[in-house]
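Two complexes come next, and they have one chain in common, subunit A, joined by subunit B in the first and subunit C in the second.
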Partner chain A sequence: MGQLNMYWTFTKKAFLRSAVYRFEVWSRTGSNLIFLVMWGSIWTALYAGREEAAGVSFTAMLTYIVVSKFLDGVNEAGTPLWDIQEKVRTGDISLELMRPFDVPLRYLFADFGSVAFYMLTALLPIYFLLFLFMDLTLPTDGFTWIYFILSAFLGFLIRYCVEMTFGLLTFFLVETGGIEDIFYFAMSLLSGSVIPLWFFPGWLETIAMYLPFQSIFFLPISIFIGQISGSQIYMALGIQLFWLVVCYLILRLVWNRASHKVVVQGG
Partner chain B sequence: MSIIEVNGLQKEFFIAKRETGVMGAVKSLFKREFTKKEAVKDISFSIEKGEMVGYIGPNGAGKSTTIKMLTGILVPSSGDVRVNGIVPYENRQENAKNIGVVFGQRTQLWWDLPTIESFELLKAIYRVPDKRYKENMDIFQEILGLNEFINTPVRQLSLGQRMRADIAASLLHDPAILFLDEPTIGLDVVAKEKMRTFIQEINREKQVTVILTTHDMEDIEKLCQRMVLIDHGQKVYDGEILAVKERFGKMRTLVVDLEDTSKQRFVTGGELVKQEGNRYWIRFNRDEISASDLITQISQTHNIKDLTVEEPDIESIISRIYQEGFTEQQETVQI
Partner chain C sequence: MAIVKYINLYFKLIGAGVRAQLQYRFAFIMRIIGMLTAYTGTAVTMWVMLYQFQTLGDWNFYEMLFLLALSIVSWGFCIILFFHFRSLDTYILNGTFDRFLVRPINPFFHFMAMKFEVSSFGQFIFSVVVLTWVSFELQIDWTIGKAIFLLGVIVGGVLIQGGLLVIISALAFWTTKSEQFYWVAMYPARNLTYYPLMIYPKILQWVTAFVIPFGFVNYFPSTVILEKETPFFPDAIGYFSPLVGILFFMLSYFIWMQGLKRYKSTGS
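Now for the complex of A and B:
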């Protein structure tokens, strides 16, 4: 209980810290909406007035993009990669290691605070209005909403583990630009954040299916627009749970190696 | 049992050799050579509860490496460390509850938030009970005057205020041991004095064991009774500061300005340590020769324009130990 209370305090303080950077909220919201308009226009052009493509209606596709950009906003509010790189670069990581808490968990709970602030002040109001004024499909029954939220949350946790793992590679490399590129490439393409997996060529779809990234965008959004329904939902949630466990174990492994490197080689 | 026990502590690092030039860079992609650096070689000491010990040495002597091993963020290559009965690197989180750490060059406070928020965070991290938290904050207010800036974001604090906040933050959970790494670096004279007074009061009131690393010898002289002096990863001296002063305090330096240096003449009983133009620094042991004897000798052949006799401060004593080790020399010099 005391443990949870401690990590929860990180959430509260990170929430307050986000409030200090109000300008960042606006600039991030601005770029989020620009990308939404861009991808919305691209898909409108690709459908070229057709009602349906690959068995998916235009309205569903547009909804897919809007929900995707919403999740993008949520995920981008947590920045473990950047945080950990900064701590390693400045050497402040040693101060973190001197504390009676678990470093990966501490950053996760701090991210909850940043995400909560961004959702409450920008994402929820804006996307509420978008859904109100645009012709989009909303899940009709409450269960779909619950499954979507659950799936999106699992996706967030998976992304956190993956991003933190990439961030921790800073411990082993002097230059991390290449690593970041791989991460952001996988996050934007293989996750299905801008192109749903069903439009992928067969071989790429297969690859994406066997990677954790689809759990972050493709699965929750598919649940939202009803592309995944019925017992398939349990399957999707099962896949996400599986990847969460795998990514978490990898994160722990890399973290142990990284902190071991600090304590043996002095960082 | 001592609160800190260090026995035969050693730490060696392997540093990748970087070769120069393009070919060297390409080569190092495939094959890297390592050189061994012994940062700490065979250091032993023990510190009792409530002691304030100055842990000093020149840059690169192995100070931080030792401190890191005591705080548990570095694993020794060999030797034993025990801090409050715990082996720090085996039980880092448990050890963390017993220690407070201040790095003069870093801050443990959240940069963007009002100072009070960091204290609340630390309260949660160390699970400080409400009552204890309030008592401690009252003490910090009394001695450090925290309240005047407690609602100011950390990034807007002056360096003196930030250091005060940092030291208070490190003591919030009542650690048994406090590690201070250059706690007065960059502070002005008044702020330094305040900081020292605070460390003294905390040590007296809470019986906190303090280990202080610094390059400011005044810190050591004013705060510590004992110092551990290390150089090249080895312990050079461990004992009372007074004893060092006693031993080397006999040495005096006679500074003379001579009118004419063309004539040659020997002075016995003193050692010429420096010469700039017509000014000479002659070190002597006051038990062996008096200043007036020395002056008489010189004045027989030279006209003395001006002279002063300097007593050594701890700083010059220590820099002398670094340079020459622990020996005392007497020789004949020519001026």
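Now for the complex of A and C:
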């Protein structure tokens, strides 16, 4: 109980800290909306007036992109990859090793705080208005909403584990050039964040299905727009749980290795 | 000749910078690989997107690659010359900007020559490979006229994107912020230009043509070279790229100099 209380403090602190950096919230919202316009326009042009493609209606596709950009906003509100790398390079993270808490867990709880602030002050109001004024589809029954929120949350945790693991690789590499670009590529394409997996060429779809990234965007959004329904939902949630366990174990492994291998870079 | 003196000085100043960066050869290579991965990722995304749909607007995959490569080649030069402008706020906050003011050369020039980012080799490799490949696929007839036009477009593109970086850095004189403005405004705006502007809402097309003239970096010139139509705009608008670049850069230089007049040292 005391443990949980301590981590909860990090959440509250991060929430309050976000309130101070209001310019950050504005700027993040601005670029989030620009990317929303960009991908909305791209999909409008791709459908080119067609009612449906590959069995997916245009309205459903547009909803897919809007929900995707919402989740993008949620996922980007946490500690970004370059920030973790910077903490490793400057040695800030080694100071945390001396403190009586678990570092990956502490950052996760801090992320909850900053995500909550960003959602309440920017994402939820803006996307509420978008759904009000645009011709989009909403889940009709309450269960779909619950499954979507659950699935999106699992996706958030998986993304956190993967991003943290990539960030911690800085411990071993120091110079990480291509590493982060591989991460960003996987996050944008293989996760289905901008193109749903059903439009992929067959072989690429298969690859993407066997990777954890689809859990972050593709599965929750497909539940939202009803492409995944009925018993398939349990299957999707099961896949996500599986990947959460795997990614968490990998994160643990890398973290244990990393914390035993603190390279001291000068004074 | 003042200009010759400045050109000589520029190469002396950046020569030192380049040697310093090449000291870290591994980092240098990793950064190039990183850039290549990132742009190849964008190209692969375009390919997957068009796998089912064939065209975006009336642009096919190779035409879109051309558009992308044209944007990236001028961005490569831009990184070399102007990319460090975005972090002017850090120099001001740390008080290290003052050293650019106490020497007997133009502070704008001095700040510009301070850094020479060598990692842009990734941009050049990517865009040269793609432009060559696409030229074969689309059977672009590279006459001397077209080649000269391409050079003019690249110069124009460098000046437009560089100009925007200069304006963004000038904001630091008024607001003590600049790096963030880059990530809010310029980074998303550059991403918009990877796709043909004709797909965006009209208001956005207007902005990218006449306010932040990013349309002249790659979209308008590409329609000239690939002989494509530009809905809502006159067909020959692409020919104005170099001119727009020169005018926009002059404007941004003027803004930067105005900002400099306001500058007061933090005194720390």
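Odds and ends about this structure:
By our rule, the second predicted complex is superposed on the first by the 260 of 267 C-alpha atoms of A that agree within 3 Å, B and C clash if a C-alpha of one lies under 4 Å from a C-alpha of the other, contacts with A are read in each partner's own complex, and residues count from 1 in each chain.
The criterion applied here is as follows: a contact is a pair of C-beta atoms (placed from the backbone, for glycine too) under 8 Å apart; a residue touches a chain by one contact, two chains touch by 3 or more.
The model shown is predicted, which means the values in this text are computed figures rather than measured ones.
When both complexes are overlaid on chain A, the residue A:Leu189 reaches subunit C alone and has no touch with subunit B.
When the shared chain is aligned, subunit B comes close enough to touch A:Asp92, but subunit C does not.
Contacts of A:Ser27 after superposition: subunit C is touched, whereas subunit B is not reached.
Of the two partner chains, subunit B is the only one touched by A:Pro100; subunit C is not. Of the two partner chains placed around the shared chain by superposition, neither subunit B nor subunit C is touched by A:Glu52. After superposition on the shared chain, subunit A has more residues touched by C, the comparison being subunit B against subunit C.
Legend: residue contacts after superposition of the two complexes on their common chain; A:Phe35 is shown touching subunit C, with no touch to subunit B.
By the touch criterion defined above, A:Asp181 lies against subunit C but remains apart from subunit B after alignment on the C-alpha atoms of chain A.
Partner subunit A is touched in their complex by these residues of subunit B: 13-14, 65, 68, 71-75, 89, 92-94, 96-97, 99, 101, 103, 106, 108, 110, 112-113, 117, 120-121, 124-127, 153.
Interface residues of subunit A, counted against subunit B in their complex, comprise 2, 5-6, 8-10, 13, 16-17, 20-21, 90-92, 94-95, 97-101, 262-266.
Listing the residues of subunit C that touch subunit A in their complex gives 24, 26-27, 29-35, 37-38, 41, 44-45, 48-49, 51-53, 56-57, 177, 180-181, 183-185, 187-189, 191-192, 195, 199-201, 204.
Of all residues in subunit A, only 23-24, 26-28, 30-31, 34-35, 37-38, 41-42, 44-46, 48, 53-54, 175-182, 184-185, 188-189, 194-195, 199-201, 204 touch subunit C in the complex they form.
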